[in-house]
Every structure is written in C-alpha cells, then in structure tokens.
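Two complexes come next, and they have one chain in common, subunit A, joined by subunit B in the first and subunit C in the second.
Moving on to the complex of A and B:
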C-alpha cells in the first residue's frame, strides 16, 4: 500500500468523474452553439449530478430490487476500471501489466450489459424494450470493434496497451497499411457513438419513442450513477482511441524538450486537448448533425458496411505486416 | 423554493386536457431564440427523472387519476408548473362540467380523495402562456426573481376602487352639459297585437 496506490485508488476515479463531466458540459455547450443557442453553462452536468444525488430514489414495485440497485454501481465501477487501463499522456496507466486490450473490450461491454440487465429488472415495458434494443445493438457493434483490436494485435504482435502507446502505429506500416489503418480508424469512429449510446445510435434510450428506454424507471442516486458512468465512459472511450491512433507526444510533434515536472504537465494537457478534439469530432458533431436510426437500420449498417470496411482494413494491414 | 432544484430543473410535460396551444409553447421555449436550456431546464420523457411536472390544460375529469399517478411518480422534492390560463384557474372552461377547473380545484380533490399534500406550485398565466412567461417562471425557479402574487382581498379592493372611479366619471359626464341627452325611441304598437 504505497502512496501511489492510494492516489490511483482515490485520485484517478475523482479525476475521471471531473473530466468526464467537464467534457460532457463542453459537449452540451458546443452542441447548443451549433444549433445557434446559448446553451447551458459548462458546469451544468455537475449541478445535474448533485441534484440527482440529493433526490429521492424510487424503486418500482415490480422491480427486482437488488439487481435494480446493484447495476448502476456495476456500470460505474466498470467505467472507472476502464479508465485505469488507459495511459494518460506519458503517465503510465495505473493498472498497466494487469490486463490488455481484450480486458478493455470486456469492460466496454460490461457497462452496456449492466444497463441492459438493469433495464430488464425494472419491470417496466419501456425499460424492457430499451434493454432488448441495447442487446441487439451490442451484438452489432462488437464485431467491428473486435476487428479493430485484432488489427492492432497483428501489427504489434501483442495485446498490451503500453506497448501500443510506446510507438505510434503509423510509423510501423507502409502505405498499404496506412490505408488499412485509416479504414480501421473510420470503423472505430462510427462505432464510438453506438458504444456511448449517443445520438444516431441512442436507440436503446430513445426519448421520444420509449421514454428513455432502459433508464425510464431509474431515479435519484441510481440515475446519477448511470449519468456518471456514461460521462466517465465517454471520456475513457475517446481517450482509448487517442492512445491507439494518436499517441504522438507534444515534444515529439514540436521538437521541444522540457524538464521533468513541466513535461508531465504539458504532456497531460496535450493529451486532454487531443481527447477534446476527438470527442468533439466523433461525438458532438455527429450527435448534433444526425437523426436517430431505427434499430434494424443500425444493425444493417454495422453488420454490412462497417464490418466490410473494418475487414478490408484488417486485410490491408495483414498484407503489410505478414 | 427547494435549494437543490435551483440550477437544474428537469421537466416532465403532461397534457391534462389542453387545446395544444400551451403544449406548442412548452416545446418552442427550447428553440434557439428563447433557449430554455441555458437555465439548466431540460425536458425529460419519464416522470421518474423529473423535478417538475408541467401541466397544461384545465384537468379534465377523466385525466384526474392519471395526473395523480404522474405526480406520485415524481421523486421528492417536486414542483408543479401550472402553464396557461386553463391550468391556473380553469380559463374559459372554469364552469364546464367535464373539467375540474384549474390546479387549485384539483388540489382540493388531491387532498380530499387521495390524502396528498399539494406540491410547490408555480402559476404561469397566459392563453397560451408566452415563452417570456415561461422564462419568467424559470427565473422564479432559479430564485432570481420573486413570484408576483396578490392577495384576494387586495384584488377585490382594487376592483371596487376601479368601479367607483368609473361611476364618478359617468356621473360627472351626465352632470356636464356636453353630455348628450338620452334618446328616447317611441314605437307604435306592434302589428297584430291587440
């Protein structure tokens, strides 16, 4: 039990929550500006969570109470654990060496699974429909995601994220591999909104059709935990993409050298800026520009087009590497 | 006002027999020009997520059990927004047999038949309530401004004063020489009458 362990145990989740909520606030503000509104202040998500934590928590009569209450905690815990696997700039990931990309794939699935189980246990028809949609959507987008991760395993001959973050993937392949990687990146960017249940793919939480779907019976503390887990996972997912595809450090990119403590701060900020840019590109712009897909449209999109794109990328990468 | 709800108010919108005028106003305060979201107000589709329930319409008798259910489904602390003239006091339907006639009459039923205390209520009059009125309500919720409400006695006294003023004006006008004399129309007996 060293000081570093305690910092990682307490500091990292707190940092994750703060960053997640901050990015959510920026996302809402930019989305509002895009539709020429003023938008809520950037600190609005903090107030939302604070309010939800203080409000009464209702457990419906038909619900399986213990599953209903446990699932928000599982969702938040899986998001937090996911965050602990992601290298933060040049600071190494706290759980480095204890798991690899496959664990990350499972953790990404676990949160969606927890939400679906919570929805099924709520005993409400809206929540049931939402949970079924979530399961179908999960079956659709997991395949392209797994293909992307297989592509990385082919290039590095390893599933370890620390090896991947060490050298940028673009320097390891030739022109054919570049095209393959671009295809993989595009597939991953299309998967991102589905993974985070954001607008073109928020079919499971469709507000207008099924009253927030699987969240419809959650209130108070439980809803706050889901809100937090969503915020943290959005940040972690985009941070993972940055770690996979854009691990370029500030000093590499601009050819500058800093002393030890300053470089940590600058690289951290540089990492946050990269995550913010990718967050806006992959989540906010898409969320504001597109309308919701129907479930069978989303399924077809992932199983045919995105899958073909990802497989093509994988083949090109494999041709280059082998 | 409940402190927790000042900065972030999630509203569940329920049409309790409205003519859709106020419903359209509730939706259009979220459009770019009034932009309700900048006060932290959000429309939510499930009453479990909501802090406030927006009632539009004079509450028809068939709607009473549903409105009670919806108010029960809201987790504490909760607020009721009575939007439009109908929801505030029955509007033009105040004496119609199919409607309860406004939120105050509804609270009497809530107290007598369901044994529930009425939640904090904000009255937003207008037919339909203007977006400005709804923004004013958001200001009241956020504790920026106080709700302007007059006591019933004050209103009656003011009405009496107004009446007296009008009566004096008429009397003065009658006394003045510019006032036209009363025109008396004389008619003959109707045809056919005896």
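Moving on to the complex of A and C:
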C-alpha cells in the first residue's frame, strides 16, 4: 500500500463529502434567491448533517432491522466509490483501469437500489409506495442512460473515462456526430434530476403525497448517511457529465501554459467551476422551475421521448463513427 | 417476518393520510387502501378539530359572539362574522346604513382575493411546485397590507358590527385600493399565464378530481368547487345582500370562459383566478359608487345589547365565502343579550363529501390534489362530536363532564397537589 493509495482512500471520499455538501448549500441558496427568499447560509448542509448525527436513530418496530440499517451505508459507499472513478481535472481517477463507464452505471443504480431496498425494509406504507415508485423510475431512466454510455463507447472504442476525458469528444466527430452528441447530452440532462431524485422527478420522495416516501422512516445517523450519499452523488453525477461532455482543460481553452504543481491546482479549480455551472443549470434551475410529475407521466416521458431522443443520437453518432 | 412482508407487497397497502400529514394543513383522516398506485378503498374520518365554539357563543353576549365567530376560521375571518351579522340583523330587524353595506362588501371581496391566492399557492405546493407557492404568497402580501391599513389587522379584522361596520374607508384607503386593483389585474394575467398554460400544471390537474354536475348536485357541493363543475350557484347571485344587490354578480363557470366543463382541478383553478378578477370589479364598483352616511345603525353598543335583550326573533344569514356558502342561524329569545341558539354551516362540510367518490380509483399522487382542490377548511367543519364508551354507547354532556372532573382529581392525587 503506497502513500498515494492511502491518500486516495481517505482524502477523496472526504473531499467528495465536503464538495457535495458545499454544492448542496450553493444549490439551496440559489434556489432560494430565485424564489425571492433569503435562503439558508451556504454552510447549512454541514450543520444539517451534524445535527442529524447527534439525533436518535429510530428503527421502526416492523422493519427488517439489519437491511434497514445497512442500506444507508451501502448507498453512501456506492456514492463514494463512484467518485473514485471520476478524473478530477487532469488528475487521473484513483480507480483508473479497474473497469470504467459500465461500473459507473452499476454504481449509480446501486445507490438508488439501496434506497429502494431500505424503503421496502422499513415496513411503512409510505416507504413501500416510495420504494415501488423508485423501482419504476429506475427502470425508466436506466435505458437512456445506458444508451448515452454506449454512444461514448462507440466513439472511443473504450469504456475508460480517463481516455474520454483526455480528448474532448467534440473533436472526434463531424457535424452529424455533433447533432447526435447534442441529443445524447440532452437525454443525459433530462435523466440527471431523475437519477438524483430531484424535482420534477422526486416522485419517490414526494413530500405532500407520501410524506418523503422512502426516507419517511429514516432518522438520525441513517438519514444523515442518505443525506451525505445524496450530496456526494449529486456532485459525482454532474462531475461525470462534465468529464464526458466538457473535458476542455483551462490551458487548452485559453492557450496558457503552467508549471507542474500550479497547473494541477488551476485545472482542479477550473474543473470545479465547470461542475458548479452545470450543477446550477442541470439541477438548481430545473428543480426550481418544475412541478412534480406523476409516476406514470415520468415513466412515459422516459420510455418514449427521452429514449427516442437518445436512440436517435446514438444512430447519428454511429453513422459518423462507422 | 420477511415472508410476511413480501406477501404484503404484492397485495394492498393502507395509506393513512392524516390526522397529521404534509398534504393536510389541518387535522382530518383519509384512510386509503391502495393497490400499486391505485386507490381501491377510501374512508374519510372527520372530527379532529371540534372546539364547541357554538356552545361558547351561546354563553356570551351577541358582540362577544361576533368576535368569537371570527375565530372559527383564520382565513374566513370575514365570512363567519358576515353571516352572523346578516342573521342577527334579520332577527333583530335592524337595517345597516348603505355606506356600511358597501364597506362590508369591499372587505368581503378583499378576503376572497387573499383566500383564492392562498389556495393557488397551496395547490402548487401539493404538486411540488414550491416556487409558485412562494410567488403567489408574495403576491398575497399586497391585499393583506391593504386589509391591515383599513382594519388594523392582517386577519381577524374585527370590522363588522350588528347593524354596520366599526371603521370607515377613507379617501387615502381608496387610493390604496385603486393601486391594489391595478396590481392584481396585472397579477391575474400572470397567474393565468403560469397556471393555465403551464404543461406540468395541466398534466397534474387535468382530469384529476373530476366532479360531474350530477355528483356535485347530489352531494350538495357549494362554492367554487360547484362552479368548477358547471353549476351556476353563488349566494351573491341567488340571494343578493348588501351591495351585491346593486351589482349584477354572475357565477363564474368554466363553460362561460372556456366553452366546456370538466369539473376537474384545472377548472377549479380557472374559476378561482377569474373570481379574483370578478372581485376586483366588485371592489371597483363599490369604491366608485360608495354612498355617504353613517356607519352604524345603533352606534352605542350598550344600546345595541339592550335592544337585543328586548327582542325576540330568529334569522338566517348566508354569505358566499371564498370556499362556498356559509350559513349562520341565530335565535334571540328576549331574555338575554346573546343568541340562545347559534348554528354554523360551513362550506367545507358539504365539499368534503366529494373526497370519497373522487379518491376512489384515483392515483396516490392525486390524493393531495383531490384534498386541496376544494380548499378544505377543517376548523370550520366540525360542529358536533360524539364520545362513545367502550360499549359504543354515546356519552352525554354530564357524563363527559364528570369524567373530566374525575381525571383532573386523579392527576391532582398523583402529583400530590
């Protein structure tokens, strides 16, 4: 075990949590300002987690206790692992070379699955309905997500994210491929709020319908873990989109050259800025300007429109590449 | 245990909505049995907000009861006093001065505007459209400010009195009112834009809570809910009172606006937004044609109470509250200065009847919309409560009283007080 491994094993998840919570705070602040509220201070998510951690953790009487308690850990672990596959600026992903995009797809699913299983094990009608909805939603958005990833595999002939991040995808294809890529990007952006259980697709946690659904029975430490996993996953998902579609580095974009340590810092900050912008556009703006869909409406949206869009994009990309 | 759960998953769930639930603003219980996302069985249980307010009113004098009636409901804090003063005036044979009648009408319409805007926000919140909740409630501040300027309070205005009103609307108030009218005319256009053309709002409210005309008639649905189903019912049109008698108020129904009636939550939104505009027209008419004169038929409250003590009579007052018709029955027997009988019928009592049939076959996601679309006011609702013992026998007043006295004694003994 080298020093670098230890750094990655401890430093990356810690960084992920801090960044995830920070971005969540910024997201809440901007959303509040957009609806003419003052909003909580940006550090509020940190306080929330701290508060939840010192609260009592209640396990319902008719819950399957061990599944109920394990699932938050599984969810957080899968979110953290997800983070280890994402190249951070020009720093290589820590788990580079141990399976890439397909593993990411599975890890994204695992987190949602953990929440659904946790909901089923809670033994509460609200949580069960929420879990059912989460399963239906998962089945709906996984297909377009898989199509997007297939599109990338077609272009690069590889599933490795670091290869993808090295050369911007837009430089590899012509005009037809651009249209295809734009369609894939649009599909991915529509999948994002569903993947992150944000409005308009927070159907599994609908507050006014089923009282936070999946999470209705969770409290204390378990809820804090889900909260953290949500924060980390939001950051990781957007970072993934940046790595896929906008891997332009600062030095490439502005034609500047930096010495070795400085460039790492500048590229890291540049990457964070890109993630922040996309986070605001794809998560904050969307969740403040839409109402919640019904589950069958969301399902239909993904199965027909988004699927068609993604498939069309895939066909265009394939035409270009083959 | 695990097997037990699996078998439960494939079967039906019972979803308890209430007495405490995010979709509810006040306590009531809806027990919905769901299969997947479909509601297959539903039961509505009321009676969580009974406060014995009518009984309290029958122990006080008429002016105190008037203020008590404001506290039946926080939103309809004009509607209940309005119906009460109308009933009392009929019972006592007092005619309020014309200026007071116009002022009453203005205040009642201001209340309708703020109540309808509040409802729009609530319904947006129920479908997860929180930014619209914040936006509409920000709009609502203007009318609350005007109400505060005129009456001194945002709610519980203490404005009405048997035989008139307690405060005048002055020139400066009229300026503020005109300003407010302009503000809400623009806001109403924006609301039409946001609520009636938004695709997701349409998707969530079209064909949800679809109330047919027959069902609405059968269940005695009143107010905007009935008008959304296409029934032309409006107390202001059917039995006009005060300034409404001078204004030709017509019930706002969707067939006049859109040409067709669905009776769903979308139509209810439509009716309410157009009613805001109608209220603005009524207020404008009232301030343009406000007669001069006194504010009270009997300015001295002691004289008023003396009159009440000497008068025998009964009266029914009906007012079109923002949620539908509110009816008060008052009886004075000439022995005391307060009502001997006071009966309140609030609109939500009728409207909640439609929850059962509308929820049956609906989806779980539609439950909050169905609950919210009638704008339920549950504290108006519960006028009677039964307490049963373990054998199912209904306990009478004295038994319950004795039980509570004994309970208090028991606690005192326990604490050694």
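The rule is short, and it goes like this: the second predicted complex is superposed on the first by the 322 of 322 C-alpha atoms of A that agree within 3 Å, B and C clash if a C-alpha of one lies under 4 Å from a C-alpha of the other, contacts with A are read in each partner's own complex, and residues count from 1 in each chain.
Keep in mind that, in the parts below, contacts are C-beta pairs under 8 Å (C-beta built on N, C-alpha and C of every residue); 3 or more make two chains touch, one makes a residue touch a chain.
Model, not experiment: these values are computed from the prediction.
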### Task
Based on the superposed arrangement, let me know which partner A:259 touches: subunit B (first), subunit C (second), both, or neither?
neither
### Message
Between subunit B and subunit C, whom does A:199 touch in the aligned arrangement: first, second, both, or neither?
### Response
second
### Touching partner for A:58 - first (subunit B), second (subunit C), both, neither
first
### Task
Answer with first, second, both or neither: which of subunit B and subunit C does A:120 touch in the superposed model?
second
### Task
May I ask you to decide whether A:208 touches subunit B, subunit C, both, or neither, giving the answer as first, second, both or neither?
both
### Message
Quick check for you: in the superposed arrangement, does A:171 touch first (subunit B), second (subunit C), both or neither?
### Response
neither
### Contacts of A:34 with subunit B and subunit C, given as first, second, both or neither
second
### Task
Answer with first, second, both or neither: which of subunit B and subunit C does A:132 touch in the superposed model?
second
### Query
In the superposed arrangement, does A:2 touch subunit B (first), subunit C (second), both or neither?
neither
### Task
Would you mind listing the overlap between the subunit B footprint and the subunit C footprint on subunit A?
35-37, 126, 207-208, 211-212
### Message
Going by the contact rule set out above, which residues of subunit C touch subunit A in the complex?
### Response
1-2, 5, 8-9, 13-16, 21-23, 34, 36-37, 124-132, 134-135, 138, 198, 200-201, 203-204, 363-368
### Task
Write out the stretch or stretches of subunit B touching subunit A in their complex.
4-5, 7-8, 32, 35, 37-40, 44-46, 48-49, 51, 73, 75-77
### Task
Give every residue of subunit A touching subunit C within the complex, in rising order.
34-37, 62, 64, 120-121, 123, 125-126, 128-129, 132-133, 199-200, 202-203, 206-212, 288-297
### Summary
So, in the complex, the side of subunit A touching subunit B is made of residues 32, 35-41, 44, 47-48, 50-51, 54-58, 126, 207-208, 211-212, 215-220, 223
